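Below are two complexes that have chain A in common, paired first with chain B and then with chain C.
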Partner chain A sequence: MPYHEFECSKCIPERIKHAVDKTPAENLSDALPLGYLNTIPGTLSERGCAYCGAKHVIGTPMKDVIHLSHGPIGCTYDTWQTKRYISDNDNFQLKYTFASDMKEKHIVFGAEKVLKDNIIEAFKAFPHIKRMSIYQTCASALIGDDIKAVAQEVMEEMPDVDIFICNSPGFAGPSQSGGHHKINIAWVNDKVGQVEPKITSDYVINYVGEYNIQGDQEVMQDYFKRMGIQVLSTFTGNGSYDDLRAMHRAHLNVLECARSAEYICNELRKRYGIPRMDIDGCGFGPLASSLRKIGLFFGIEDRAEAIIEEETKRWKPELDWYAARLQGKKVCLWPGGSKLWHWAHVIHEEMGLEVVSVYTKFGHQGDMEKGISRCEAGALAIDDPNELEGLEAMYKLKPDLIITGKRPGEVAKKIRVPYLNAHAYHNGPYKGFEGWVRFARDIYNAVYSPIHKLAFVDISKDAISTDKNFVTRQMLSDKDIDPAVVNSKELHEYTGEFDSIKKLRNKEYPKFPQKGKLTAV
Partner chain B sequence: MPCELKEKKRTGVINPIFTCQPAGAQYASIGIKDCIAIVHGGQGCVMFVRLWFSQHYKESFELASSSVHEDGAVFGAVQRVEQAVDVLLMRYPYVKVVPIISTCSTEVIGDDIDGVVNKLNEGLLKEKYADRDIHLIPIHTPSFKGSHVSGYNVAVEAIIKHFAKNDKKDKKLNLLTGWQNPGDVKTLKHLLAEMDVDANVIFDIEEFDAPLMPDGNHVAHGSTTIDDLENTGSAIGTIALNNYEVGKAAHYLEETFDIPTKIGPAPIGIRNTDTFLQNIKELTGKSIPESLVKERGIALDAITDVAHMFLADKRVAIYGHPDLVIGLAEFCLDLEMKPVLLLLGDDNTTYTEEPRIKELQNNVDYDMEIIMNADLWELGDRLQNKGLKLDLILGHSKGRFIAMDSNVPLVRVGFPIFDRAGFYRQPIVGYEGAMILAERMANAWFTDMEYTKNKEWLLSMW
Partner chain C sequence: MDMTLDSKKDTLMDYIMKNCLWQFNSRAWDRELQNENIIKKATQLLCHESPEKSTPADRCYWAEAKQLVDEWQCFPWLSKMTATDTKCMMGKLKNDLDSQLITNSLNEELNDPNY
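Moving on, here comes the complex of A and B:
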């Protein structure tokens, strides 16, 4: 059995089943690490809480909503300005956050009255916002406030507002994943079916499990619009509250992050018969086949092919410029959940990177199954990693790069491993054809950082080379590669703008004639 | 009445200035050497606070969670603490100090962290870790009381209470720094060195600015040792900077060990630095050396260049930690500026008794508002809807959108600052800090002049 025993975790034997080495002849049913189990206390696990999974991951990317947390101030403060889910309405959801600021007297006497005052105040402060999400926290769950009843009361008094309640306290489950589930189910139970949308296309989708990190959603929406597809709603990045109440009228649910949002797709299939199609916006190959699949579903393959051809022609020479220089570089792919399988194979196939390790903080066994099957033999797969295990793995594997969260990235930096932000990205978006080039560019810039190379020199012991006053990335990256590649006239570095999203906003799209009035599938 | 002290009228918070108590206790904990705190609560209470510190410092700090899940919330979760302590001690052989920090959830369910510490002291530590010097310190920081500022205050008191002894040989001066940055602590230590004073620096966080070295793993950490902490009970005097952050610990030392105590302002600005040195002089008998006269002179020379030409009459709003806000307001007045809005972001009711606020109320000759229990919407609403005119805002990074949307330059000062590089390295205390602050404000104003074409030509000849 290829379970991987960490030296640092020998004293906590239950950890052994949480890590495996992928061997060439592995059998996934033998080798799958345990997943989504209770965290071992005191390990310095990287996991967050179920409140964060519900509010910060899925709730808050909704753009036209007052996001109010019912509890003490910390939960609100912590989940404010700590992610990069932008929107095309001037980032209201990033800029403003709301807390009922529960105090001791409320713990003793209940906080329903103060919550009601809060709701009214918040709507009054932002009169143009008529929608609200309220998130339960550990404290409000434990004292048993009936948030739904309070919201109902307000909705009766203020008929133009609508309020969504998410009961997902921090302790609800081993990680943020519990919160993903809770908010998915709450939304489909309480809000879907309440709004009848205007259907403007023969092809109508919900784009699900997409959070518009640095503009990912807007990139993908651009392709859908160019195909003449109506994106009825996005769950939830750059998504609109009322659009999401109309999810039941889509013909297809296009699912990006199956870890965080498959639940709502499965419910929509059960309740409204809307099929679920899993896609992948990352990487030329997976993105192209995703667009093809959607085209095939609607019988508009030609529209998908036209986009694939145009985008590939535009961006492939830039991707290949980086790919030529990244061959064989070792990467620890250590994201939160779904990116371990969204990226594991494709950064190998399209950029030549060797994925020497995958991990997931809050993924389930299914995520590991996909991730392990997609990464190369020899890779170390870790469930719910903790800080010492991460360090031990990096010392052993000596990666050229780690792709992980912000704070774990700082841990890697200290042992001279450069990092890229897997959750919020460095210079994203990373979805789309251009985005994938941006990702390759960021990887290249991290791996060949001349400053980073200086970190390995011990000026007290090593010979100091005095022959160079500077080193460029290309002086480092091009010395061992084929001169034909170096001198290629076709391949070139990324040529896009610092902000690749601006050009998509207010863009005009082709009008495809509608065949007829459509009803829901 | 020109200077009005009042409470925010709304019940809720829109864009908080402060976070909750456990975050403050965690900030105190990371100041101690060989210490990893266990936060008893949900995992987010640690994960986000570690992120918060890493946003500010671009460093990672070690903090653990007891990972309370649903079963613990229902049936009690003290056994999670027991397990966490054991796992932590097994895997981190250098750890000596383990604060156990409570949160809202574990306070509501009534987990007895004092009881579990006693149990561990009598059981696990004796049986399994008898050869190690381990200190478990229960710290009660329910999130529904106070803020991270009071959480820091509570934690420093609990830590000092645990360690302070009056029979230590080293008789030094206690310097309780309050919530500072590494650059500030470096400056405070420099001032002490110039005065030839040995001090127990609580907490010495200079190493929070950690290096990237050719080998090894040089994680950011605090440098205050158990010895330093024990020595606090035997000190010749205590200087506590920032009453709201270390006042409790200072009072404890004063009352328990009869240690002469000065609870004074952080040395923000020239005048408060003078006071700081005067306090050191009184408690130690040391004199203020010529070198500091010169340092002061350099700062005064630099500040004179920007004060009455550029900074005079500039209208500013200030938000952040109460001691910081008051200190900055005092310095701004010396700079001929007009702090017109001060935001104190928690429900502390003692601000009405604060002598430094009373001084402002008695002497300010223009309209100034001081808002208690404030949030950042008190600022945003006034700017966007009520016609407040400001030239500058002083505060931490969480106010960045309100400042940007109102086109008022935000001069970053306080905690956290995540949208400017390296500010934790630049002191705002001492003479050097005064100079840096004045110049930072002036430079922010200069950039604004240039990019809003507001007499941008003025600086061509300066």
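Moving on, here comes the complex of A and C:
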């Protein structure tokens, strides 16, 4: 697999080892992009910082917690509603964001007093919330404020509260991934083992590396509950602070996003002997395989099978409606980290899309190993691309769609390439069987949106007809496909509800009597 | 045309690389453990032997192996192989996994002393 040289990056020779063209005859030991390295001076990266990775990706999805940044208010800005990690407690963690509002005088004279005042004020403003996470920023790290000592003082004065400190300033790593690592290790060191949970099932898991984007966690939790599995904690989407202090009592760690949370799984395996099982929650085939594996581990594979059969029967005809219309469409799969390998093979196999490029902004070489293995030959794999490289790739590959974050997504739109939000989603959740159909629907809507055709019209010189050219998505998508597919009575568009999560929140689940304490499950 | 042992092994290798995640743990020692235990248990299952699954770790390896072998039913030639040939092919498969993902891997994080 040859390394790929971008024309625009010839002046940054180090970049050549960050991109590879996948070829059919070679394998990962022939070429692998470098990854998780400091951004090269001169290249304009699209990464987030280590504080962002710790707080915005992993910390803040915890739902019953006051999340306070000890730093300038600007560091906190990104918290508000830019990532849709919802929760079943009225989205407390999305509605409110907190900062100690450090200013220049605090840099000179210290900010420990202002931090203490802020902590107490926040707890008094929300007396029903008794848990807090405090996130160090570059500013408070550089002046050396002792956040832990301040938190300890408050906990002594207010014995019913508990505070977690995350020391992951923005400069503490090449990208947000450095922050993922730091908060994983801090949590397992400082908090796990402090709470003894009530065990209600013979089958107990931690669901790890899942952030409940538009309800993903609640979809997967529904399947687990239907199997009679107790989800002791979720790290961290829709997760509860005290549940996460009890992670040491699970029988199995089910790991979704290995990029952000394999560290805590590995530590729990070493310290408490809890095995780690990596799963895929996206795509009918990979999800079915994942539920079967978990079922096998606990000896309840029949329960997994029943769910797979019911869900496949309900949703497969709708997936196939979209798949028939997406065959051969070219996609650049450019998410931040794990979704490049969660999606690369299955959007090809189940929707017929051609993945012409994969990239990762903050992934490590391990993520590229998975992504390159799963995409088809011919794809261009890029680590931490700069904006010009992204543009050059799009001009060369001519994709029908970019699946990426909102920053590179807006760049794509400027050159008339539709984009889907891979991080916060458009109309998620995308996990689960129904979620996968919602993803297919969003892809279909993006690829065939008539607006993209209109966007190519140059109103300064092209004639604009106002009495014709009425088009709909389906007029565009159905003109070249088999009439038998178009007229099929079995295949149909998505028929789920606008909000697919609401119905799960008060759902009754079957009761499976406990057989007793199982040593080896 | 009949498939050779090597071409059968390559087919299974491609399947694992595309569909599984267990072979990609982040450290070399961890990959060695995963490859060793899961391929060993998969081989035992293919040869109708009984893998060890009394500890949580063994049970996890077994669940991965069992799911893999169940999915491999899409390769009808697999059930027609003798136990000797199966063991030989699976040994080669493990060597390929170790080679591509550990000994000849270009992943510079594999030997990081920390997780």
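Just so it is clear, the second predicted complex is superposed on the first by the 501 of 521 C-alpha atoms of A that agree within 3 Å, B and C clash if a C-alpha of one lies under 4 Å from a C-alpha of the other, contacts with A are read in each partner's own complex, and residues count from 1 in each chain.
Here is the rule we use: a contact is a pair of C-beta atoms (placed from the backbone, for glycine too) under 8 Å apart; a residue touches a chain by one contact, two chains touch by 3 or more.
A quick note: this is a predicted structure, and the numbers were derived from the prediction, not measured.
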item	value
Contacts of A:297 with chain B and chain C, given as first, second, both or neither	second
Partner chain(s) touched by A:198 [first = chain B, second = chain C, both, neither]	neither
Residues of chain A touched, compared between chain B and chain C (which is higher)	B
Which of chain B and chain C A:98 touches, first, second, both or neither	first
First, second, both or neither for A:71, with chain B first and chain C second	first
Chain B versus chain C as contact partner of A:479, first or second or both or neither	neither
Touching both chain C and chain B, counted on chain A across the two superposed complexes	none
Residues of chain A defined as touching chain C within the complex	27-29, 31-32, 34, 36, 251-252, 258, 262-263, 266-267, 273-280, 286, 289, 292-294, 296-297, 341, 345, 364-366, 369-370, 373-374, 520-521
Chain A - residues contacting chain B, complex	8-9, 11-12, 38-52, 68, 71-82, 91, 94-104, 106-107, 114, 117-118, 121-122, 125, 137-139, 141-143, 169-175, 387-388, 391, 406-408, 410-411, 413-416, 455-458, 462
In the complex with chain A, residue positions of chain C that touch it	17-19, 21-22, 24-26, 30, 53-60, 62-64, 66-67, 70-71, 99-101, 104-109, 115
Chain B to chain A touching residues, read off their complex	10-16, 18-23, 36, 38, 41-45, 47-52, 54-55, 58-60, 62-70, 72-73, 80-81, 83-88, 90-92, 103-105, 108-109, 142-145, 147-148, 210, 212-215, 217-219, 347, 377, 381, 397-398, 400-402, 405, 418
